[in-house]
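What follows is a group of structures, each given as structure tokens.
In what follows, chain A forms one complex with chain B and a second complex with chain C.
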Partner chain A sequence: MQGEDSRLSMTRRDLLRLVGLSAGGAAMYAVMNRLGHAAESPYQGTPVLQGTPRGASVLILGAGLAGMVAAYELRQAGYKVQVLEYNHRAGGRNWTLRGGDTYTELGGFTQHCQFDRGHYINPGPWRIPYHHRGLLDYCKKLDIPLEPFVQVNHNAYLHSSKAFGGKPQRFRTVNADYRGNLAELLAKATQQSKLDAQVSREDQALLLESLRQWGALDEKYAYVAGPGTSNRRGYDKEPGGGLSAKPLDSQPLSLHDVLGSHLWSGLSDGEGYEFQTSLLQPVGGMGRIGEAFARKLEGVIRYNAKVTAIHQDQGGVTVSYEDARRSGHVQSARADWCICTIPLSILSQIPMNVSAPMAEAIGAVPYAASVKVGLQFKRRFWEEDEDIYGGITLTDLPINTIAYPSCDFNRPGKGVLLGAYLYGLDAYQFTAMSPEERVRRVVEYGSQIHPQYRQEFENGVAVAWHRAPYTLGCFATWTDELRDKHYDNLCQIDGRIALAGEHASYLPAWQEGAVTSALDVITRIHQRVVAGGTA
Partner chain B sequence: MKPLLCIVALLLACTSCVRAQSSGKPLYTYASLRNANGEAVFHAICQGCHMPDAKGATGAGTYPALAGNSKLGSPQYMAAVVLFGRHNMPSFEVRPSDHKNFFEDATLTDEQIADLVNYVRTHFGNHYTNSITAAEVASMHPQTASAKQP
Partner chain C sequence: MQGEDSRLSMTRRDLLRLVGLSAGGAAMYAVMNRLGHAAESPYQGTPVLQGTPRGASVLILGAGLAGMVAAYELRQAGYKVQVLEYNHRAGGRNWTLRGGDTYTELGGFTQHCQFDRGHYINPGPWRIPYHHRGLLDYCKKLDIPLEPFVQVNHNAYLHSSKAFGGKPQRFRTVNADYRGNLAELLAKATQQSKLDAQVSREDQALLLESLRQWGALDEKYAYVAGPGTSNRRGYDKEPGGGLSAKPLDSQPLSLHDVLGSHLWSGLSDGEGYEFQTSLLQPVGGMGRIGEAFARKLEGVIRYNAKVTAIHQDQGGVTVSYEDARRSGHVQSARADWCICTIPLSILSQIPMNVSAPMAEAIGAVPYAASVKVGLQFKRRFWEEDEDIYGGITLTDLPINTIAYPSCDFNRPGKGVLLGAYLYGLDAYQFTAMSPEERVRRVVEYGSQIHPQYRQEFENGVAVAWHRAPYTLGCFATWTDELRDKHYDNLCQIDGRIALAGEHASYLPAWQEGAVTSALDVITRIHQRVVAGGTA
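Let's look at the complex of A and B:
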């Protein structure tokens, strides 16, 4: 068996080597795709920009991840690069709020983050899927330490205000009881010959065997209290050591109770491709990535530069900008090419002479609302009282999500958790509140799940993305219909201007979308430059 | 109301709407949003960007003011923006359920949109005397509009 496998893979490897030798990397990639490899990510490593840019210059708008990836690579390839950034810092949505930080949102509402030293919240992206190879590659290049991000925690909660009297249930028990009851049901149907038309006798035997394992069924294919069930859903009294160490089995919930609670709707949260183990996070906050890029690009980025107009002509692109802190004095920057990573929410308001289809695309994509709230508590009660180390609690309350920190596990002292992560109508409503009101409400709602909130809460910060002065929204909400109509037009190089960012990707809201769109755009611009240098 | 009745009423209110257990104005659910009038919709949703005083805000880009904005001269224009969105502003049109995002879209009925437009055009220093009806908003939906075209 094993020999056969290795023979197969030898053959495959030889084939790939031959294809690679005779037809080059692209052909090898195409074959690998057909063989089922390499389909995970369009990322093929940092593009090698071969050939000299012959003194060509590129002006990059926005020092978020897309802009800084482009700047970093183009500089390495020998381009003259300058970056204009609206904020006084780099990173864009790659951003960590720490104690001592001040953040003023639109409307003039200012918050002073009062977290203790070492504590933080990531208002934007906060987790890196293992297959986001572009971003992970830059973390490696920039020497950014990563640690596991816990997505699924079997001991965190699924909570419904309408089920079990509002008492939160452990993910573990709902998961075990949902599976156990389904397995029992399917086993019964099999044994009562109700599946004979669909499933062969041989497969029925295998199905029963698999159901027993999958659902923790007993020898009669029943899902009942016992050691096997407790081993999945937990015990009424945990096994221990010594005289009174004998465990007490717990009583499973019925199928009716599990279904009626609707808590099953939270079970697949970690099943999606982007949420499967392993997920990672930079040690010390997601903002470490933007901060590291900014150090590499010192002197290249001009901060507090608010772009007011983008104009291209035969010879290049001129961008007008003013000081973001006080308007009036307009300056300009010019280069042969312009890579614009300004979010469409803002770019749609900036005069820019591109083709009508691209202009239409820029104005066609609405931005999602999202709100995140970080709360500092006097102690890590979720660990100390409830054995929850990282992971996510889901609730039908407007706060939607409580995420426990995936760092500093089991340390004494204070802790900061994500007290709310909102989308849709809840996000609209929290955006419409003052920051203080958001925090106050989040603490009130959260105390329905963790009563310790009332005693232990110290301070909080709330970021509503539609009020972020530099994005005016969270991310581009493409629909299939919008993509069909506008996506390709958005991604074209229009004369001497090209766009990059999560909005120019099929990975909306993910940093990997920003990274891969930037790599794609610099590759295409570079091809034009080495081919002749004109648009 | 007698104290006991008060308590009973309060208990009933709480069990039917546990979500609202946070002090201050109750939050809308997707279902209860239908009961919101124009004023309530403005304060629950619109003021997030257009600000509580409807004066808008400017950062790298701008949220237009709804106070003293000459574009409000046309209630139809305003209704169209709410219905179909504009630039980064999402559409609030009630759409078929196959139009799915990973989060549910918040939508407003034609009646709510009319009431919202009329509310904004008569507050925040706006004193327009004409108004728009739900039927007029209804006539602006694409299928209705295309059916009317020759």
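Let's look at the complex of A and C:
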């Protein structure tokens, strides 16, 4: 399959080059547009499931995005579909916590979210990259309004407890000063003929021209205080109107100070393919997607159904389950096929008769730890006092991230922000605490960056994914080695059972991984049904 | 005044340093927050006009933002206020063109905007930077919802008709490849000891570490095809879910290709202080601000009033005006003071008895040419075909800018984008054409970037600011020389007349310049009224 893709890709490129050379750029582009994203994206629109399923039935385990996409499409194609879901709600990790919601984690702690009306956090996914076409298409089908998610905010902070006396620095100043100092260094090296071996004379002239503009260098290619640098990093006194409105320039940081601060590690935060503009979010919370899917699947999803065993035979698959709220009474469901979207962290503990390679794969992939904490404050002080509208502050404190809401800007009244997004060891430590203690610590840490926390904090919720009873972790953490050994085995249809979910994708943690893995699985099952008549 | 500001700024900094050294970073930050933006921003909140105006009256010329801010505040402070406005609507350049609107430009061309309901363009200002605190405060007072304005979109294009066969390049690829190639050059120079004179050994180690991350270099500090570079610039085949989901890496452009394309000139588009994240826009169009102000000033603004003369004497100011729709019948208005916000391009043609320095200043400042063209299409092909959600494409074609709407993302149905934002000579050329011809040319140029234009175009509107009867240009273009000579003279209160507007600010073209100049002017007039009893 990969070989074919790769050949197709080359053919496409060769074709485009041919058209470009013979008919010009516009013609080439027209052809490119006609070819569409076929070779660029693994998502080629909802698969057209041609041919009748002839009464075939599919049992889907898990009403997260993967399970609901599969259920939605298979029903449309004429399959008999039922979904078993552990929770009392659909969505899985697609989930928005709002005021009035209750959440009980493993260990028995129950939290009652006390946010005011209209405020929320997304404990799971919270961003939709522009190229996650499958998910975006479902947002369109489900009529879910989207708005921009602000990732990089030049006025948010980069913070290190070990640099600048612990004083947070605006992203814009570190960004401008790192860029400017790099540009100056490279310009000097060019002027001193130190790049002659690598860069032609002609390119050196262009390089200098580009560095001046890109790095905000002065006419001597120096990065020094002046209108040009202030226009990037900010002013000591900003320009205004009327008399006494003349701006005062600010003083750039030296390369030594920027490098020593290690704050440059936050400068690429919006450069990764999943974090570039435009990032989007559903208006009202990511959970809007799961909620909308659930409405489309009313009567198809059985809630509070805890799967205890999965058994396949020649004729189909039988799944045993009990009421998730009180164990004891075991029920069963049966269908011709089973699409299992249960996270591997849970599935590895459920008896299931699949081949050894798939069973090994299921047991091999560890799950990432993550803790997210939402905090409500009496007022949106980050906007009112600090001119921060959305975006993210990064810190070396265990809380790692403070994310300001990308909605309701400039409104009076309360505000909810994401006070922490903990990873790795920090996440494990916080997972071990009670929710109240997590919130208390997060407020304490955060007040090092925003002293207003002390006055303005009202309440919070803390979700530690390793204590989420339905996932026992946040997402599958594949390594290259694990992929080589187990990925294809995990994704094969094993008799009458196939897996789907972010764990069965090259987009771990992303909803698009769940969506595209579900579409891939239903396409392959349907091919078997139509071809083999096994149903 | 400047000397005082500068001393204040130093004192503040010294104070913070003192607190930081003696009490730590958090304490320093707490003090900084308490000091607030006083020394950073020329806007320090709405001025408190203490003391009674004792019946004083103010005549305000122009119901743009400057005029309406002045009117709003002076009324609150107890002044008798009237506003004369040339147009049949308030707002001035704060203006949104919507379907059903009619606009007649100098020369007689009338355009009937045919956009569908809900679609619009802002012919004037269209972005609110996060630090334009005066304007943001009025948005809050006037209860105007804001949403993010997407400036930089990594998936929009940088386009040169002279590079890559005229094929537009995604911002992300040029950005990643320029960065990556710079980082590689600098890393090599460091490793070859060519920076030893400028960078210490210790800093060199940090520099290399930072360059690897920042430039997406591999373990040998090379910028080459691989998962790291694809994660910045995009993939030949994107990662997905299920089988056959493995991504294929893309091939970076060489430094030579990036430099030769000149596309690097678009890479700093979101780095300037007024263009950094977070940029905001009013939901429904920038005109929402002017419209809301006008509702607050109902009965205070006289519309269709064309000022023909301004005359001051010892006791007050008399302004002659006629109906802008049919000249002839001259009326007059009189008040103790006059705040004139009429653009200098118009004001220089109106008889007014002010001092020679102010008169010279009024005549000295040229106005920028600018043309904006809005186009309606049958569908949002930029989103559907090209995954572009908001943001800006830059091109060397005369149209300069294509800006995709930062709202209603991912919706089915029609869409309106800004098809051109012409400057300088290009703008003058387009100003000379009929509106229909401007639109036709813009569609023709734009189809070099988006071939879909040919199929999908429906209708358009074109505003050439030099033909706007109430401005005769877009904004005041100050040079340093003009500022030194004329700015303070322009901003002085001249007898009983004072000017306000973006032209009386260090923020030309920006609404914040109009707002802060108005606040400055009313503060100074009020001081005279209270102190001098001249009213």
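Some observations on this one:
Convention: the second predicted complex is superposed on the first by the 494 of 535 C-alpha atoms of A that agree within 3 Å, B and C clash if a C-alpha of one lies under 4 Å from a C-alpha of the other, contacts with A are read in each partner's own complex, and residues count from 1 in each chain.
Simple rule for what comes next: a residue touches a chain if its C-beta (ideal position, glycine included) is under 8 Å from a C-beta of that chain, and two chains touch if they have at least 3 such contacts.
Since the model is a prediction, treat every value here as computed from it, not as a measurement.
Once chain A of one complex is fitted onto chain A of the other, the partner contacts of A:Gly473 are limited to chain B, with no touch recorded for chain C.
Applying the stated contact rule after C-alpha superposition, one finds that A:Val330 touches neither chain B nor chain C.
In the superposition on chain A, contact of A:Gly166 is made with both chain B and chain C. When chain A is checked against chain B and against chain C, the one touching more of its residues turns out to be C. In the superposed pair of complexes, A:His154 makes contact with chain C only, with no contact to chain B. Using the contact criterion defined above for the overlaid structures, shared-chain residue A:Ser265 touches chain C, although it does not reach chain B. Legend: residue contacts after superposition of the two complexes on their common chain; A:Tyr423 is shown touching chain B, with no touch to chain C. Contact with both chain B and chain C is seen for A:Gln448 once the two complexes are overlaid on the shared chain. Under the contact criterion defined above, the residues of chain A that touch both chain B in one complex and chain C in the other are 166, 448.
Those residues of chain A that touch chain B in the shared complex are 86, 106-108, 161-162, 166, 306-307, 324, 342-346, 348-350, 363, 365-369, 396-398, 423-426, 428-429, 431-432, 437, 440-441, 444-445, 448, 464, 466-473, 477, 479, 481. Touching chain A in their complex are the following residues of chain B: 18-19, 21-24, 27-30, 33, 43-49, 51-52, 57-63, 85-91, 99, 101-106.
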